[in-house]
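Each of the next two complexes has chain A plus one more chain, namely chain B in the first and chain C in the second.
== the complex of A and B ==
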């Protein structure tokens, strides 16, 4: 099956910075994901939101990439959140216990309004 | 055209069969002959987020230059020969059903200083080109080890590269001290040996490339209580009390079925 390389777009909102992810998160996504996260960190947001609504495949290497982002976020005192995960990947976040460390929202609106409340 | 989220949710994900299912406790399907079965059955599988010490990402890679093995060949051989690729003195009792999602394996090894260690791992993920092991509570580190193979080009030449990537935290304060004083080196030796063995299996003698990065230096103090499950302490106590169990055996009541 053809791989769909990951595309990442960084959007800055008042309450947080969003990384829109599109494609597959696997070992090949490492460089793009890390660069995009470094770009997102540039503006010094308190919260970074990973928007998975365009992601249709994550393997275990991809989950490890997300965990290392969590480690980086923790090291710099930032909060990492997730939204737009399919039901299957919500379950994977539970199995890998990522969900214990990362708030998971059904969509971007819910994550943004939560962040706005927190900032207010 | 991009499918809507609802459309995607209604389909069976193509990786659904590659992941372990959610479980509260690790279960062994069978205990291989000769294996010391301690600290695994009934324990939780833990990832790099549940550990205590600094978070490390360690990557070990070997280029299979000159071999025509594909990534699928490498992973198939690695799954089949996983115990054989380990260094002497460490025994990995692979699940009898093979390396498949949700299966658990026992590890009988020793810590620096020679203290026996009985622990285990659960297969979190497995496909044709990679597989991931997740440690159980009490293991020296809390984390995942992902084994993968890819085709890479360098200077116009392509070759298959085998890789083991560890994402981990020392599981408790005692292990964190142990990792500083020999634990990291011991772990590096295990994976460097393993990668060199994989290369040898395909007829390649090659240097293993090791890259270690500290992702988060701060310990997670709220995880200090993980020491309760420390498999080194528990395995040591088990070995020390062996004479007592031997003497008491004739007096113990036989186990009855449930």
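== the complex of A and C ==
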């Protein structure tokens, strides 16, 4: 509740690049999220996975940030995926139709193995 | 026999070897001949003492007779020594008795001093406790104060405000006796002064704390509950500085009125959570001190909170005086006759009476306690028992008559479970979410419903802070959570102008194509998280009212 800024770690795997998100996705997360995404894009991965397992709060501004990332990814022909969302946020991804434009996986393993299959 | 009768007083250290030597010696000792590494012996030799006769009572050295040079300047004879030993044998018991008498006198004096101090403490306390109970139309107030022998620091106070509201204070100062009584007196004045200059319990405690902090003795502090009753509306706003949480007894059961806050006098600049509760006719609130719940019986068992709560639930309410008696009777039964009361006991009860016409019925019929609606709706209401019992029955821990007779015309009766304000600062929606989550903990709801409500409240609060209050941190958003058997309703109120609801639905495809701002999800999320959303603009402000049906939430 202390409104700590989001922590983002970029992890490059053979099949895709993971953004491990830790904390809250709200207005304060904007610059960190965008910088990390730019960093992830640097090596030109085909797929970027947003790992939400360390995220306990996403508000409407956070949704807007994710929409922006999704717009950027699509513009550069990249695929954006999500994993580690709680049931509640899966529901919100469905209601907002974000889930129609980015595949939502229960966990990282599922998202990665799908990507490996897709790549192979 | 002895020449220089007056000798300088002799200080002997408790660890001086002379003492052990004298205890074990059978009679008069030749000091000048004594070879002992002892400061006392050296100073005795220097003072010209020839003989020392130990006075030993029951193995304990209680004194000695010291003799200097004989007048004749001859040595002491064996007859002299025998006489001295004899004298010692007789003087010892007499000296012992004299010592004991003196000791007892000193103790009696100390006891008297303590007793006097307690008298002073009691006097201070009694002078400052209210002489009369406040007379408030439609309300019964009762108070009981039972000091422990040592006089703890309990106090209570009633402050009648100019606008007709009634301030209630119940507090406890750590420590006992005069220091506690003085701190209590100061606290009382500080609270009165604060209450007269402002009308918000949380603010009153905040100011009182800041006033007390610099002056209160170290290691002392004051727990204190401050509540403000609006007798017309039946609304009680309260804040708590670490005091035992009061209990509200209503038809639905017994609820603890918790509010966060540190005791007064520990640290300056503390914030005190301010909450609110509504009292329906017949509802009562018990304020009390830890002397009641921490009373021990002869088996060292504690009276305890659960026992108090259970008694409250069991007691068929009539008047507050009877509730006080009922609790005291149960306490007496619990502690037994030989009880040495450890701490002060304070009980203050506040009850909203049923309408005056029905008032006289209390004494004659306890079952009338649950008030039927005054009109001919009574029949219909009785007929509709089912919706009343399912939901509110779960929240209750009592076997008292249940809310089955409440008129249940589709959620007409709402119980407020919390109401609070938050400052309009970015990020504060998390505070609102946390508070609502906490309030809903007492309600049996599926986790999913809670999460949806939390998201809706968070978004509504963000809107209220940003668009309504323009993020002016001194303008607050008021959030009120209410419960009916069928639904939960949360009002989020800001001070903004009436604004039309956003009508444009966010379109993700347009947003992704850059033809619509990526933002604009707030209202959309709220609408999708709740069953009903209404906007109310009135004198209070601009309110977004969110409703979720309880049945549908599974």
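FYI, the second predicted complex is superposed on the first by the 119 of 120 C-alpha atoms of A that agree within 3 Å, B and C clash if a C-alpha of one lies under 4 Å from a C-alpha of the other, contacts with A are read in each partner's own complex, and residues count from 1 in each chain.
In this text, a residue touches a chain if its C-beta (ideal position, glycine included) is under 8 Å from a C-beta of that chain, and two chains touch if they have at least 3 such contacts.
In this text, all values refer to a predicted model and were calculated from it rather than measured experimentally.
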| item | value |
| --- | --- |
| Clash-or-fit label for the pair chain B, chain C on chain A | clash |
| Touched partner set for A:59, first chain B, second chain C, both or neither | both |
| Partner chain in contact with A:92 - chain B first, chain C second, else both or neither | both |
| Partner chain in contact with A:84 - chain B first, chain C second, else both or neither | first |
| A:100 touches, of chain B and chain C: first, second, both or neither? | both |
| Chain B versus chain C as contact partner of A:71, first or second or both or neither | both |
| Touching both chain C and chain B, counted on chain A across the two superposed complexes | 1, 27, 57, 59-61, 63-64, 67-68, 70-71, 74, 87-88, 91-92, 95-98, 100-101 |
| Contacting residues of chain B [partner chain A, same complex] | 2-3, 5, 8-9, 13-16, 18-22, 46-50, 55, 57, 124-125, 127, 130-132, 134, 144, 146, 148, 150, 165, 167, 215-218 |
| Residue ranges of chain A in contact with chain C within the complex | 1, 3, 24, 26-28, 57, 59-61, 63-65, 67-68, 70-71, 74, 87-88, 91-92, 95-98, 100-101 |
| Residues on chain C engaged by chain A in the complex (per definition of touch) | 426-427, 429-431, 434, 448, 451-452, 455, 458-459, 462, 506, 508, 511-514, 517-522, 524-525, 528 |
| In the complex, chain A residues that touch chain B | 1, 22, 27, 53-54, 56-61, 63-64, 67-68, 70-72, 74-75, 84, 86-89, 91-92, 94-98, 100-101 |
